[in-house]
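Pasting a structure below so you can have a look.
Order of writing sets the labels: A, B, C and D. Residues in every chain begin at 1.
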């Protein structure tokens, strides 16, 4: 390895001369599993876009911090009216886009209006649904008026889909992204890698890295050798299943963090016999979460009892509700008139948590008499058949969006779950910004979902990061799917 | 039966031209049929590319809007004609997922896949022909048995498994070459070639084993021909007969297999490029299939089919170069 | 007449005699029989139940309890290889069956009819050959859903032109023989001649091609399963086992080594068998691949 | 001193003895004829001299060429001898030349290899040599490929290769067997002249006693790998002291005894061929044009009566076989009609042809290729029963097959054997049994004895004659061999370039040919009687 030799030579030189001010390495190759389809975070759902660009190339009014907190970004401060409907953002000045154009309130207004327009192809238009109007007060001030108060508005503005783009470059961002961040886009070798370099005219604190390459390593089988051979120095989202391969190797740091990914065995609540509560509860009793986590996630991941991350401050521990109990599960099936068991299908999307977990769950449900046929599907088919057409019995998926318990109240959502009591709580929650009140409501919501055994709650998807032991500053947790490189540096 | 060789033929040149034209016409017809098959098959794929591009949270209206923008709502026949017409002018349309012209994607990938296939082909030929010659020359003796035993083993090894073993041996253990990835030709010829070494070996070895066996059996068959005896009766030693008389006559089955292997190599790159995560055509099409990027799948498959047809045509023509009898064949 | 060292057609006894003298045949037969026996035994008995996952026993190295170790779900790899043999054989065999069942009649028909019918069928063959087989198999299984049945169909489709071509070439050679003229002079039609004279005389050719396609079928199934498009869990398959093994090469290399060797040995056995049959029946027969 | 001297040569391949104590010598300028039936070891003897034997062959004894011990010579020494001092001509001109090299290259190659001559010099010598063997550069440039030449021309090239360096010994292994009689005569003349010019020794190997008698000064007769008799050609063959020599000579001249012959014009014709023409489409020369079609059979008319035996003779490629196929309704004429027993058989469906097929059967040339190797004799012989209106049941069928086998001199027990268990002569008997099982009125026999050794041939001809007498079957014999025609036919038709150029009583046509084509055929045909007579006359 030429690169290694260079480093080695340099290190030896540094030792020999005893120079303490030796400049640390400033380049980094980061492995990502999925290649972004394009490079415009405001025009696509793919998490891979954010993984490369969020906080690095593009910035929003606010941003999400390493632990899920809302931090100021292009807006250095804001004021909220008492009724919670008007937000006035004070913007940083002297900020330039990478193409040299200035950033000001017009760009902010343009970005928000573009995202919520009728012909917008923004994948998260819901984030902007509450906005009534956006007004430019002066070049450094923008005022946003909501139709109704929204507790999560500041958080929403921190999403990758809400980053600020310039009217001059908005249409070409897919190929050549122009943002205000500390890194600017250099090149994209399709199917292979995307390279970012340090931006010289960055307004904020300077970054340590000069160059960052995001290399696409699609499957875990290739990731391990790439890491072992030094081709790639960091995999912030490493397949937990492969973690044993590098654990114990002093060259690497394995960092287990939390994500907002509730991994669930989703159940089609309207399809018999899953419309029966006993059947769904029987499934919950049949699940041995420890075995699933051991087998599908290398023992990493925290069991959950409802749709909420254990890291969340509003989390309620409901895992004791359905302990692993085969006899109880059989009993419930008998109550439902299915003592002879039944057959069903289990559609599995590509990620290893689903494919591996699916095999284990199929084996566990077989123990109580439920015979599952495993059908692996690609994401496209999953979106089409399961998510859109709701043509499924059971499926496994991780819901990685943060604070998304409201999905159970959505009409026509693929769970086919309909509970007016739950909907009422969510509606109330949306109008509530009082923290204590919110906590109570969220607790109730979690309880209802667990009682109804809407889906089989499995575990919180761990965020397994593996990177060179000398690398510092990568996120440990993943409140959102992003690789924020602003604090990353090499140590010696 | 009467002799076929009559005197009134108008010479090998026009016969050759006619043969060429006929082959070209057949190749083109095959291509057109293939394009229909590809288009028809891919149109029944379940999965909506528009939905995929927008993700889980998009509304039906947004999806419909995008479908219209992408031209997915036009009638089938019209879409086929549009697509096929585009192919002819090398306009393959725009990728659904990358939203760039497909031709650009293809151009970026071809510079990986083509050198890979060519290196593998060269490697397998360079291994196979000498081994075949060696074995045929020692027909039935220990050297032949050992070489053919090795070839049998080579044929039986799945190339992806072989690739895995190579990675762990040469990249992870010995760290001689990268475990995968491709730095791009811009990084210099040597690093780029280095990245292609293991994949090329993994692709080439099973093919070399097959080719060596074919070369050997073709040579042995030719060595039983009467004209070999004539050449021996001239006083040429065995080795000279092998090189001067047998090899060229044994080329036809070898060329046939070489042509077939090209198709194998193209298909083999799909798995091998995935194992080594090389950004080649194989991985492009594999990803495109999973992402339902139909336009890319259609175009790349057509390109591969066209390449196979072209190579077969080339092989047909090379028969004529090797064998003068075919030059005057109708 | 000069030296005629040709061997005219022979009887069963001499064929058997030669078979026992042919190393290639003996080795191939022994290996193939072993694999078949293992597959058959797996119906009655395996050391462990391959459908039961014992997560607590996952990725154990080979030991007396588990000769080939265990996989990531704690299943016994030896047992899985045994059951996988059954699956590989079934997929490859049915795929060959599709090729023979459709390809041979087509090839024989083309040879018998000649002219435009022949030309059209052969062009159709060319069309299928123009598609890289593995790529198309991946496409087919990806489109119609991964699974053993679709894998069989995808592999089988590409066996059709192979057998059609071999059957046609063999049949054309038979049609040139004088005994066919004799049959025609006896007033027999093309169908009858094909059934009575042509097919029995190309059986050996098809047998040799059959073993080759069988071996290729096993490789193809492994390839498809390896990219996750072949046989689906909980049914174990060798390619699938390699797919599972590839992410665990460092911690559990036995997961990759043993199934890989199972594939190599089986394919080797079949190829040796095919070579042996070809040698025994016709020392000059050209092998096709 | 002899040029080539073979003393007590024995050879085995594996455990099978092939040659036993062969004694043979060739002096410079002498022609030695080596005669024997198939499997007698003629070719192996020649290959021993060349040291081109199969790996498994083991030799004992002594073979000396020009004082060099060939059995002990190294491969390098042999390479120096082959092509330079010993040349060899093989039987099959169609395959003896490398199809991908020009004739010039192939002739020049040996010259360059042995003399180290420059390319230009070697080509010049090759040109001269080809000119000498009758292929002048004006018509046959060096750049010709073998496939552009006819069989006879190719054999001339092979001779040019063998004689290019004026070897001391030329070995010719059945050099004319694959050629028709006219070409055979030309090639033999050429060989004779070359031997005389260069005082070469010639070892001429042939199964044809007549050919050897015409060419050889001395003769060695081989059987089952042993020398039966050797000596001066004329004396050996005229005295016929050894019983095997006598057997060979008599079989070569055998004429079956036939009680009566049939004349033309008795009653209604059995077969009537009216202006039949058959064209084969020409080669495609461009996308839209074809060259003129090849006319294989050109406006042929004739008729045959019941019980008559007619021979159709002609050089290879004259259209005999095409005509035969059309008579058998295996091929259709381009124009003209063929009637069998008054019924038209051209353009009829298989079902309509059934009655004609019952009365018309065929015997083919190759006793190996004309039986499906996978079927037993019973099924093979019974095959024509397919055309009967009422299909016989199993027992009836076996009885009919048994009868047919009996008639051709085979045992009904043979019914349960496979064809490979029979010798070539026996197979031809099977072939005849198959032809007569439906009691046909006409049997078309396409070169039925030309693949057989002379002694077997005599027996088969007897069988044909016997069946003709007993069953009254008419024969149409297709043959290039005038001796066969003379032996078996009442009438002869001579075919040339697709036309029938002469027809008449067998003895008249063969003794007093009128047409040029017939005269050429008769003149070129080797005749043992004539040859011995001439030898004796020359020697006084």
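Going forward, a residue touches a chain if its C-beta (ideal position, glycine included) is under 8 Å from a C-beta of that chain, and two chains touch if they have at least 3 such contacts.
Just so we're on the same page, UniProt names per chain: A = ABC transporter substrate-binding protein; C = Peptide ABC transporter permease; D = Microcin ABC transporter ATP-binding protein.
Since the model is a prediction, treat every value here as computed from it, not as a measurement.
Simply put, of C-D and A-B, more C-beta pairs touch at A-B. As a whole-number value, the distance joining the C-alpha centres of chain A and chain C reads 46 Å. With centres set at the average Cα position, the gap from chain A to chain B is 41 Å.
Put simply, the C-alpha centre of chain B and that of chain D have 48 angstrom between them.
In chain C, the residues that reach two or more other chains under the touch definition are 142, 246, 249-250. Touching of two or more other chains is recorded for residues 46, 164, 168, 172, 274, 289-290 of chain B. Each of the following residues of chain A touches two or more other chains: 219, 221, 225, 228, 350, 378. Interface note: chains touch in the pairs A-B, A-C, B-C, B-D, C-D. Those residues of chain B lying in contact with chain D across their complex are 1-6, 8-10, 14-15, 17-18, 21-22, 140, 225-227, 229-238, 240, 244-245, 248-249, 322-325, 328, 330. Those residues of chain B that touch chain C in the shared complex are 26, 29-31, 33-34, 37, 41-42, 44-46, 152-153, 155-158, 160-161, 164-165, 168, 172, 210, 213-214, 217-218, 221, 224, 253, 257, 260, 263-264, 266-268, 270-271, 274, 282, 285-286, 289-290, 297, 301, 304-305, 308-309, 312. For chain C in complex with chain A, the residues that touch the partner chain are 51-53, 55-56, 58-59, 72-73, 142, 145-147, 228, 232-234, 246-251. Against chain C, in their complex, chain A makes its touches with residues 219-221, 224-225, 228, 239, 241-242, 244-246, 291, 294-295, 350, 352, 355-356, 358-360, 362-363, 366, 374-378.
Here chain C touches chain B in the complex through residues 123, 126-127, 129-135, 138-140, 142-143, 215, 219, 222-223, 226-227, 239, 242, 246, 249-250, 253, 256, 260, 263-268, 271-272, 275, 284, 286-287, 289, going by the rule given at the top.
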